[in-house]
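What follows is a group of structures, each given as structure tokens.
In the two assemblies presented below, chain A is common to both, partnered first by chain B and then by chain C.
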Partner chain A sequence: MTDINVSNPTEIKSGTQGSSLKAKIDKGRYFLLAPGVLWMVLFLIIPLAMMVYVSFWTQTTFAVNSTLTTKSWVTFFSSETYMNALFRTGRLWLTVLALTFIIGYPVALYVGQLIRSETLRTILLVTCVIPFWTSFLIRVLAWRPMLGKEGAVNIVLQKLGIINTPIEVLLFTEVSVVIGLVQIYVVFMVGPIAFMLGRIDHNLIEAARDLGASTWTIFRKIIFPLSLPGVAVGAIFVSVMVLGEFATPAALSGRKVNLLGNIIVTQVGSLKWAFAAVVGVVLTVVMALVITALLRVVNLRKEL
Partner chain B sequence: MYHLNGLRWTLGIFTALFLVFLYGPFVVMTILSFQQGPEGGPQFPIIEWSTFWYQHVLSIAEPSRVAPLPIGEALIRSLTLAFATMVVSTLLGTLSAQAFRQNFKGSGVVFYLIVLGMMVPGVLLGLGMALVADQFDIARTWWGTAFVLHVVYTFPFSFLVMLAIFNRFDKSLEEASWMLGVDPVKTFRKITFPMIFPGVLSSMLFAFTLSYDEFPRTLFTGGSEATMPIAIYGTFAVEIHPNLFAFGVLTTLASFALLTIYGVLMALSVRRAKIQSSGLQEEIA
Partner chain C sequence: MMELRGLEKSYEGNPAIQNLSLSVMDNEYLTLLGPSGSGKSTLLRLIAGLEQPDDGSIQLEGEDLDGRPAYMRNLGFVQQKYALFPHMSVFDNVAFGLRYRQEDPLQDASEVHDRVSRILELVGLLGYEERMVGQLSGGQKQRVSLARTLVCEPKICLLDEPLGALDANLRERMAIELRRIRAALKVTFLHVTGNETEALAMGDRVVVLDKGRICQVAAPEEVFSAPTSIDVAKFLNAYNLFPGRGELDGFAYSGHLLPIKCDARQAHFYGIRYDHIRIITGNDDGAGFKAKFLASEFEGARIKYLFERPDGGVFEAEMHLGEGDPITLTPNEFYEVSWDPKEVLLFDTSGELLKSNARGEVAK
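Showing the complex of A and B:
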């Protein structure tokens, strides 16, 4: 009797405690998430929404007013300058993406798979990151004395006897913009790929080798597929940064190569808010398509 | 075992060339920072070796036609901004990641909402914020409109770093502490915090670096008082001088100091964790 009397209340008590604990956790989670979510809605979602909204406003010479119109959109799609900038942005993005992959993958393969010593691997990765400690803009400007007619590249190539006359297309052309962009962003491709490659279980490769697979087969069937999430993450990083670029083209092309980002900067400079917003929305759509496609390859949440 | 020596050599040489490519501009920049001044420009050949441009950066050179970099104020603004961003972003990142330790309804949406902050190009966010400020008559300042965008940018990094840390975190330690009746605040201070400390450090490092060098978001929202990157961008339009390169070399050295501090703190925290866990084991035994 007494036993039951004693045990029953405790059972009930612990039961309610359990459910109230769950409610407490849910409530706690709400408080934990609220600041971050609020911040992102206020300072990320609202500005982006505002951009879409303003792109339909009426542009007068020095101001915008909120009368809705599609005039800025028509201007964008019927202007050769803007459409050229759109295609140029796409072309440059694909070129840089391909080059960062072609240059970055072998390096990642070396760092992630062929180096056994953990220390050496860390040293190499840190070496790749060190240039980031110099301001991005200064790193861009440093390409000018590299690529000019009397620049370091031409001097070295001439000293080595590889060329007789200096190469002139190196600076203030699309080539210099591509070189600059690749150098600045290639590490963002190397990092994620090397990370994924470093996680591959060596037993898997040993097993394949024991079963008689050639190096090429092992790469094609095991190593490359397992590194794909890294490639996708790297591609997301590079795409985000290259598609939004304007400083590198401005500095290395002598303002001859204009990307969508450059047009936004110019339009904002002359207070053409509605045009700038249209270009911004176009860039956002391009961006969204690229990222959605890449996220099909990789599930960010699972890779952590 | 491995019959990959040929491949290893090829890739090794490729990696070496890659490092040359990565460091080339930096080496050239360092060489040119010792150009003669104030007549020498940022190109070869070196007229005469000198430390003029370093003196110029530190404002101890004789006055010349080259305007000094606005280092004092702009640098202090940038450092203050980076520090504030670092604190807020790490705080938000830790709180949000803590909430993500158990799966919950709508977690996917919240996850991508946060990650979106690092995926939207800076120029778009800057433009959007400038539009909002313009329409609602909000003053554009580096400590207001620019600061909130910096956090939007760095918060996802902090969040992902902390999430990765929490994912590898042994929950039973915290539970054991709760069961033994230790209050949550003390549990956090004694158990949780020491374990997530490496993550907190990495998150702070990320946030500080990204914010300090942040440029496209600040360009439209920073207002009239320039941060360091904006001041450098201002020199794009006019002639560039080797003082920028000298400044680049100096900041890189300063960053090295920062990285070393980070490395030392990290090593200490790892060692302390090891000692603590071995001490615990001895006590239990």
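Showing the complex of A and C:
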């Protein structure tokens, strides 16, 4: 308004009034941000900063004091046990991520593309969530009688004559942890992918078919690329949850498979705050890297 | 070139297309005009192979297309909402058919590049190759969609309301473009529309469709000046139609006896085009009556005057400003409206145009 050259003085006056009002509204906007900013500072920024700070504290057997030292960091990176836990966490995370994708994508494809009725689609997605109506612990522990040496899987396989001796690697190994994690988290992969697939305009597929593309080409060139944002969101969900896991590995590996999360639990349990903070920082950095990498693959802001 | 014979299609018992036969010629611009629900989109989908007819056959250059999937018909289909692939650039969109069709895909990247460039030049989008679909305007999307279909060199290009999603200004420019592009490629266009002005302006021939049947197939001028049925006349939105009865010496309508030039005792409807009506003072030797003036609509190059009909309906007279200055009428005053009885069209009970019409000519 102010850049218009007006000769009438009253109009100039109203113009400046208008712009000062606009400035007021601009300032007012920042107040709207305040509650959110306050929340984030109180419950995210400060705790994160505290965690980094505490990780440099000096740890004695039963106490921790605020003298700064890098001792906990040195211990973490020079200990074979902890480095193994870091690599194991990475390995399990990648395995679970791959399996949830391989199992989840076809399910999502069926729900999102082959089911055209909106109602049926919702019903099927709700069905996927039904296991969440029972407690997390029960879902995890229920795998024990399934996978044990004399568990359901072994009994059925033996009765069918497929195996003679029970498979022992099924329980209290990395395999059982992977099975448990995949079963719990696969639905977080299915949901976002099915959502993206459901949003694909059917006309696009018709157009591609009309141009002579085969079903496989249409999947490769149209459907899959358009579902990638869903895959990225699903992968972020699964990654964040699997990387921070401690209950499932503890319950299904008999405490043999320790992830970073389990180490934090143990260290906090024995009041090793500084060391737990180191592991916490490492875990946070790993998660941040993973999420950044996934967001690099797919530009979510553009796609959603 | 393409023959449709006795096509039938119904959805859950509701007939959408009934016993429809049509010849489509080589290198022509054919517009398919019909109100919504007339079956025009169904017909397009039948031809494209997106739906199967219940009965009848479609032949392209003597070959039966029955049961052939869309991509083997050598037809192109331009969808109403463009259906561009949002994750691809303009170039990749246009090249899609050439690269990924099942039959004889083009492997040679330089040939793909040449053909895509040529078609983009034709639709006026050279230099836009790397743009993403989201960065294009409506008109540009329309051109990409057209280019994507035409680059595969179909024998017939089917267009489903191609101008429907564009605003008025753009629609006129795109209409001219469509005709130019078609003429340059010498491909047959089958253009479906619900807009009578568009159908008449664009088509070499116009097919008027109503309730799943063809009402008339003719050149635009002929459809406009001699609609073969009252449905077509209604749909053109250019005729005043009076119900009444043909007498020996005229047409009886709501207490008036309108003169006609021939014996038309079978006539049940009397039609006169908006632009043939004059508003006069006093008397002339034409047909007409006194009518109450309601309102006028200024439409740029022409003005529409709305009158109340003797039987209560609305009656329109149209005046083109090129023929004279607009006249000012007072609402609710009665004026004499008049027309030349030679311009009158008569329709029989079933709504068919009478062979021996009021002009004393034989209608085609």
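By definition in this document, the second predicted complex is superposed on the first by the 263 of 304 C-alpha atoms of A that agree within 3 Å, B and C clash if a C-alpha of one lies under 4 Å from a C-alpha of the other, contacts with A are read in each partner's own complex, and residues count from 1 in each chain.
The criterion applied here is as follows: contacts are C-beta pairs under 8 Å (C-beta built on N, C-alpha and C of every residue); 3 or more make two chains touch, one makes a residue touch a chain.
If you're wondering where the values come from, they're calculated on a predicted model, not measured in any experiment.
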item: Partners on chain A (chain B, chain C) - clash or fit; value: fit
item: First, second, both or neither for A:G254, with chain B first and chain C second; value: neither
item: In the superposition, chain B vs chain C on chain A residues touched; value: B
item: Which superposed partner A:L204 touches (first chain B, second chain C, both, neither); value: second
item: First (chain B), second (chain C), both or neither touched by A:P106; value: first
item: Touched partner set for A:A213, first chain B, second chain C, both or neither; value: second
item: Partner chain in contact with A:I222 - chain B first, chain C second, else both or neither; value: second
item: Partner chain in contact with A:C128 - chain B first, chain C second, else both or neither; value: first
item: Chain C versus chain B - closest C-alpha approach in the superposed model, Å; value: 6
item: Where chain A meets both chain C and chain B, residue numbers; value: none
item: List of chain A residues in touch with chain B within their complex; value: 25-26, 28-29, 32-33, 35-37, 39-51, 54, 103, 106-107, 109-111, 114, 124, 127-128, 130-139, 141-146, 148, 150-152, 155, 183, 186-187, 215, 236, 240-241, 243-244, 246-247, 250-251, 261, 264-265, 268, 273, 276-277, 280, 283-284, 287, 291, 300-301, 304
item: Chain C partner contacts - residues on chain A that touch it in the complex; value: 201, 203-204, 206-214, 217, 221-222, 225-226
item: In the complex with chain A, residue positions of chain B that touch it; value: 3-4, 7-8, 11-12, 14-15, 18-19, 21-26, 28-29, 32, 42-45, 92-93, 95-96, 98-99, 102, 104, 108, 110-111, 113-125, 127-132, 134-135, 148-149, 151-152, 155, 159-160, 163-164, 167, 209, 213, 215-216, 219-220, 228-229, 232-233, 236, 240, 244-245, 247-248, 251-252, 255-256, 259
item: Complex contact set, residues of chain C against chain A; value: 48, 50, 69-71, 76-77, 79, 81, 83-87, 96-97, 100-103, 148-149, 152
